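Each chain gets a letter, A, B, C and D, in the order it is written, and its residues are counted from 1.
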Amino acid sequence: MTRADYRAFRIIPTRWMDNDAYGHVNNVVYYSWFDTAVNAWLIEQGLLDIQNGNPIGLVVETGCRYHRSVAFPERVEAHLRIAKLGTSSVRWEVGLFTAGHDGPAAEGHFVHVYVDRVTRRPSPLPDAWRQALMPLVVAQDGAAP
Amino acid sequence: MTRADYRAFRIIPTRWMDNDAYGHVNNVVYYSWFDTAVNAWLIEQGLLDIQNGNPIGLVVETGCRYHRSVAFPERVEAHLRIAKLGTSSVRWEVGLFTAGHDGPAAEGHFVHVYVDRVTRRPSPLPDAWRQALMPLVVAQDGAAP
Amino acid sequence: MTRADYRAFRIIPTRWMDNDAYGHVNNVVYYSWFDTAVNAWLIEQGLLDIQNGNPIGLVVETGCRYHRSVAFPERVEAHLRIAKLGTSSVRWEVGLFTAGHDGPAAEGHFVHVYVDRVTRRPSPLPDAWRQALMPLVVAQDGAAP
Amino acid sequence: MTRADYRAFRIIPTRWMDNDAYGHVNNVVYYSWFDTAVNAWLIEQGLLDIQNGNPIGLVVETGCRYHRSVAFPERVEAHLRIAKLGTSSVRWEVGLFTAGHDGPAAEGHFVHVYVDRVTRRPSPLPDAWRQALMPLVVAQDGAAP
């Protein structure tokens, strides 16, 4: 995978406390970047409204493979794509890249189910969401569909 | 200050990622323990209800002096007392103790203003709160009032 | 899966800031519990020494499926087992349980590669480690081997 | 205080999990921004080297007053100045600003003692550090000295 295999990205600076006792960013922190990259993208597209909007996205599965360590004060590029756009769920894939490398430092996935804010039951993605998400969808082999 | 200068306490185990690149708990994490100790106490007394209750507590000032480092997997005792019980605000003081030491590893304070959940304007502490908080109040010199 | 499918456990209290804007523990935080449960177990067995010991464990892959939300101030039981004990790597599986439920709130895995502290290259698990880890190993179908 | 009362700044984007159950950034997180802004500045000036350098900075006191809430996905400007440049300690002051406001969302301080990496005893600031830090020093009344 390279940056070209993804469809959008966001710069995320590391923070001092991201580093753990071994002097590199703790494995847990990578997930906070996935969460941030996906939700920020949704908010900036005018789709997600944390306080009042409907639907909201709940996370049902996540995973990450770590290829290379990252350390404060590096900046991370979180690159996004969608591997599966379901009726009410989306499988996001996130590649974390750092300066000077073609390959990702880590590759993660993040499955969001979009639910009604009050009932917290899955609700079909609104058309506006589906249209905004479509350009991020890639075929399983990494090529655009 | 020793444990006897406080009025209630809570055990808080450290977590792996609390440690930072220098191999001890990062200064930021101590504040998460203050927050946890104070809010857990309020919840367990039946006062605070995060989801639905009224009032809720917002933080307007915090501070901490660090005397001795703490490291995972140590367990911390967060000891609580109230230095000032105002109409709608409370100055909590928290001493963080670890096994084998009389003196605190750190001493912090935490000023909560209790506000209406919706308007987020200060509201006088309900009587039930005031009665529950009274036993934690100490005089400025550390003696019970 | 129930608690009986695991071989060791650790109590982990939630913290106030574990909750996110939707009022339950953020998906990221679960991974800090995996890290904590595994490393604390290794330390308490006298195997891992964060500051000076050899080997140390680096994380190469993690994952989690979320079944039920958890919220502060709940306490979590992190139950551990080992699904694969390799030459220098271990696949840990962690079930997170809460009071009143037989099934886990979340199930995760956590692949540690044990490396030399200085070179950070994989090193075969010492015999003392292997012997201590054996009782946690389960067969792939969840039964003890 | 306004941005003009400070001497350097750094942009810090918020992260999804910075928000707590009340829908704004948790009070604890502000301290991670202080730590990040100060240490990143020291690293970028070629002064601090986390892995190998000498001295390193340990935190002995911190504090924060919160004036206005901040929420993901806002970006924060962490503005820095030095209120006291001692022999081996520095009192950093940090103002956190957000778009559209002249006044800070929060004002904090952060006292670093610079210590020998191995002995962890205070060591006088090297000349190179002192010269680099001087331009950030303000007089107590907020005016440049």
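In the analysis below, contacts are C-beta pairs under 8 Å (C-beta built on N, C-alpha and C of every residue); 3 or more make two chains touch, one makes a residue touch a chain.
These numbers come from a predicted model, not from an experiment.
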Other chains in touch with both chain C and chain D: A, B
From chain B, the most remote chain by mean C-alpha position: A
Centre-of-Cα separation between chain C and chain B, whole angstrom: 29
Computed distance of Cα centres, chain C from chain A, in Å: 24
Chain centre separation in whole Å, for chain B relative to chain A (CA means): 35
Contacts with two or more other chains, residues of chain C listed in rising order: 16-17, 19, 21, 23, 26, 28-29, 32, 35, 50-51, 72
Residues of chain D touching chain B in the complex: 21-22, 26-29, 31-32, 35, 50-51, 56, 58-66
Interface residues, chain D side, partner chain C - complex: 16-17, 19-21, 23, 26, 28-29, 72
Complex contact set, residues of chain A against chain D: 11-13, 15-17, 19, 23, 32-33, 35-36, 39-40, 43-44, 50-51, 71-73
